[in-house]
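You will see two complexes here that share chain A, one where it goes with chain B and one where it goes with chain C.
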Partner chain A sequence: MNLSQIDLFAAGAAVLAVWMCGVTHVKAQLWGLALQTVMLSGICVLQGAAENQSQLFALAVVVFLVKGVGIPVFLERSAKRMDIERDKGVSISPTLTLMIGCGVLFIGYFLAPDFAVPAMMNQGSAGMALALIFIGMLLMITRRLALSQVIGFLTMENGIFLYSLTQTRHMPMLVEMGIVFEVLIGVLVAGVFIFRINRSFEHIDVTDMRRLRH
Partner chain B sequence: MLLLTTIQSVNILIVPLLLVGIIRKVKALMQNRIGAPILQPFYDLAKLVRKAETISKTASWVFIWTPRVGLAVAVIAALLVPWSGVILPLEWASATNFLLVIYLLALGKFLTMLAAIDTGSAFGGLGASREATISMLVEPTLVIGIGALALGAGSTNLLTIYAARTSPFVAVLVGTALVLAALAELSRMPVDDPTTHLELTMVHEAMILEYSGRSLALIEYATALRTCVFLGLATQTLLHAWPSYQALPMLLRYPISLAGLMALGAAVAVAEGVLVKLKWRSVPNFLAFAAVMSLLAALISAAQA
Partner chain C sequence: MLPLLMALLGLIPRTARWLPRLGAILLLVQIPVVIWVCVPVFSGGIISYGAFGIDGMGAAFTIITTLVAAAAMVQAALLLPAERAEGHKITDRRFCLFYTLSGGFILAMYAVPLAQHIGYLWIAVEATTLMSAPLINYHHGRDSLEATWKYLLLCSVGIAFALFGTVLILAAQHALGNGETLVLGDLIARAKDMDPRLLRLGFIFCLLGYGTKAGIFPLHNWLPDAHSESPSPVSGMLSGALLNCALVAIWRLSQVVVAAGQAELVRQLLVPAGAITVIAASLMLVKQHDLKRMLAYSSVEHVGLLTLAIGIGSGQLFILHAFNHSIVKVALFLMAGSILHVYGTKELSKLGGILKASPVWGIVLIAAGFAIAGSPPFGTFISEWLLIRDAFASGEIAATIAVIVGLTITFMAITTHVGRVVFGSEHSPAKTAPVRVWALTPALLMVMSLIAGVAVAPPVMRILSVLAQGVQR
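The block that comes next holds the complex of A and B.
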């Protein structure tokens, strides 16, 4: 398989997502998320250079600043204010999650030809985007802290963004920027919500929030 | 032929204990003390061989024969595996299947575990059960990692694998996975502190707690040989990521490999000074990273084949 540079960056993002499956410190997960997003903005830059569209450079800068720096810093500050350091106890052990994440990467790799658009050259990235979406879902399902579930959601969003970036002729820039800012607002609202939940219940362990009355 | 015999003799007799001496010296320097001289392991072995042995009354032939079989297995592995960059043209070395070597070493480990339980002391059983848990995750890493290299080389013969061209990605991934697996297999930090005196924190030392005198000398020597084999394999794999390493003649590859091996040993010693021992429950998590690296390397290797 011939790996183009874009495929390499996409593979780097997917491998970082697999790494995120195995770590339990919130700070490490946020670093993984940040580096993933940096890889995606790198893909934007590469495509901008290849197609000679300056809008893609602007998109790369926006993605880097908002999703690569802004959101992780905000989540890190929330975690520090709530005094959370590690995701103590996930439903599946981190080891098993890591193995499942690796298996998901394999599935994404082998399903890539079915999901790729033949006209675009980046067949491998479709598989990596699929892997990112599945790993985001995996993180959302298996993590106990509400904050880690937000990180899983952001990983999934990264996967969808990667797919639209490499498999479609680009959407109008207004739409892309709008999506990035919507994600930012969503994370801000979620962050405030989680902070208030922590204030009321003294924890954000979702396994303890299954019933309305205790 | 004379040159190869000399190289092999140096490999078996001098390099292992020298490597152990260098690791201890670097660790001592990390801890801001002068430490024992680099040749101290030689003196230790000479001292141990002269001492008498104390054998528990409940021990059986397993206890007495394990150090000898362990040393035999370690010597076979050190002779067959191309851990020092030297590919030997021996006739019987053409049967150097990597599975054979890995499971020969596992045979030595199995006997050590049996001998640990044989003495009837509680710490032996503790060490044996912990060692079994670690092997469960280390062996797949080794087999799949070297299997990834075998996929690239098209053969399961270790000598062919390490004479063939490998892609740099696969080499770096497998090399890193091998380093992590070696840290676990040789009971180094962060899996196990080799200098601990607290039995409840021991993994490998608990199994050899009851040995003394000549048997202990055999065991220490076998451990030094195994250190060379594992760290040497990891060094070779990492060196293969450098494309022009293949083109070098053997006379150049040997000193470069030895230098790489000593450097890796020093890196292990530095890591030992910096890291803390992992909580026992977190050890499978640490080894899972190595296993996933091997799996990814196998995927890349299969995709490129």
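The block that comes next holds the complex of A and C.
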């Protein structure tokens, strides 16, 4: 099989996501997230060069600055302020999550032909995008720390971004920017709430939020 | 538009004293303004401003949103200062922030039905989530924080799915030569030539996403928490306007799928989803012990009915029922807020004897209870009746029977619960005497519902079908 450069980068992002399944240190996870985003902005640049579209270069810069630098730094700061180093409680052990993550990667690979757009060059990336989306969900389900759930959500979002980047002839620029902006605001809002949860529950473990039932 | 003014004024903390009254007045003025702007649409026209535009659906839901928001803001002007006067620790800053965010929330809810571009539609829906999350947490309690986190997280995941669905619909146009588009009108025009497999996938993902936001049955998890823990004017807006917004998004996308000649898919997905939602919500209604949670589950039930209306492709009934449900539900939530304030509890077992304490409140509550359960002569009865008739006529026998069973259970559950609150013996005495003025807005809304029930005659149905047709172009 023939991997293009873009597919290679996409695979790199997906493998990073799998690696994130296995680590519980918040800092390591944030590094994983940042590197993932760097891969995606790399794809953005490659795509822009291949199609001669300068818009994509601008998008790459914005995505890199917002999701690759801004958000991880913000989350790192808040983690430090709340004295969190690692996600102590995970509902499935990290090793097992890692294995499931690998499984998801394979499933993504095999599902790729169903989701890929025939006319596009980088068929493999569709599978990697799917894998990212599902691994993001996996992270959200298995982690108990509110902060880790946000990281899972961002991974999911990266998957969607990867798909739109490689399988469509581009979302309108304005929409793409709007989405990046919304994600940024979303993370800020979530950050405020994480802080609040930490203050009023004295921890940010969401499994103890059980009062509201039925 | 005026909510923007309110949002901006909210940024100045010193305005706290007169901002509530001003907010209410601004929103009341907004009603005739919005109707005036929408007038040309009633005869089938479309006003367009780039990617946004007022078509029939947009006009109908903008008006509903405005009514709901105005009612909520009027009640907020009465309720929130009274709450503060009684020593809820709410700083001026948070109080003003409430108004800023409410203004932003209302604007975002306008943007949803007005978006003629599914990318902007997505952005608007996401904006409603972000604006409303801090509103739910207005009281800063542990429970409201838990509800907010659940809301933020579940809706974000849902909305991420919707984004993926939107991208898939964009990708479905790969075979077409002339570039890709997300503009609704163009999408409908070229739907036939899209890749049907990707379009189907896209619609399913969008349904999952916006369905979470609307609270369709297995995805309704966040809804009762958020609706019951937020301050009542916000509950009213969430229930009466936000759910509609999510459903409008589903309606828009279903139009594209129908235009692609896959009406079967829409029907097969939405009709069972609606029927199951109605049944599930009605069963959960029976064992409720919290007034606002009960209302929230009743919203889930009505979302089920609206989903059914979209499923059978009936735009008129979708608008009509959304209108009827919204005004009654807002009235109920506002009453619930007043009751919570006066009695200090929303436990159904501790409430009782409201009719004796204040006849006006009792009568309004009874009327609203009957209306939400769908009994004549209120508007909800008419729209539910028409909906059942049309569903039956379109051959969805099993789903229709399920809905009828669900509605029957709902009727019994709601009348029992509300009956006990109104007539039952008084358990915990009122902290303060119920003020009659507080029932004014709900009472006006009930009168509206009554008129809607009596006036649904052929001319009204004709206007509605003009509005619904506007979308199909």
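Side notes on the structure shown:
Everything that follows uses one rule, which is that the second predicted complex is superposed on the first by the 211 of 214 C-alpha atoms of A that agree within 3 Å, B and C clash if a C-alpha of one lies under 4 Å from a C-alpha of the other, contacts with A are read in each partner's own complex, and residues count from 1 in each chain.
The rule is simple: a contact is a pair of C-beta atoms (placed from the backbone, for glycine too) under 8 Å apart; a residue touches a chain by one contact, two chains touch by 3 or more.
Note that the structure is predicted; figures quoted are calculated from it, not measured.
Upon superposition of the two complexes on chain A, no clash is found between chain B and chain C, which fit side by side. With both structures placed on the common chain, the touch criterion links A:Leu46 to neither chain B nor chain C.
Once chain A of one complex is fitted onto chain A of the other, the partner contacts of A:Ala58 are absent, as it touches neither chain B nor chain C. Contact comparison for chain A: of chain B and chain C, C touches the greater number of residues.
Judged by the touch definition given at the top, the superposed model places A:Thr95 against chain B, while chain C stays out of reach. Of the two partner chains, chain C is the only one that A:Gln149 touches; chain B does not reach it.
In the superposed model, A:Val180 makes contact with neither chain B nor chain C. In the superposed pair of complexes, A:Leu105 makes contact with chain B only, with no contact to chain C. When the shared chain is aligned, chain C comes close enough to touch A:Phe115, but chain B does not. Touch criterion met: A:Phe193 reaches chain C, while chain B stays clear of it. Distance between chain B and chain C in the overlay is 25 Å (nearest C-alpha pair, rounded to whole angstrom). Overlap of the chain B and chain C interfaces on chain A comprises no residues.
If you check the complex, the residues on chain B that touch chain A are 284-285, 288-289, 291-292, 295-296, 299, 303-304. Remark: chain A residues 114-115, 117-120, 133, 137, 140, 146, 149, 153, 156-157, 159-160, 163-164, 167-172, 174-175, 178-179, 182, 185-186, 189-190, 192-193, 196-197, 200-201, 206, 209, 211-212, 214 touch chain C in the complex. On the chain C side of its complex with chain A, the touching residues are 117, 119-120, 122-123, 126-127, 129-130, 133-134, 137, 140, 142-143, 145-150, 152-153, 156-157, 160, 163-164, 167-168, 170-171, 174-175, 179-180, 182, 195, 197-198, 201, 224-225, 229, 284, 287. For chain A in complex with chain B, the residues that touch the partner chain are 1, 15, 18-19, 22, 93-95, 98-99, 101-102, 105-106, 109.
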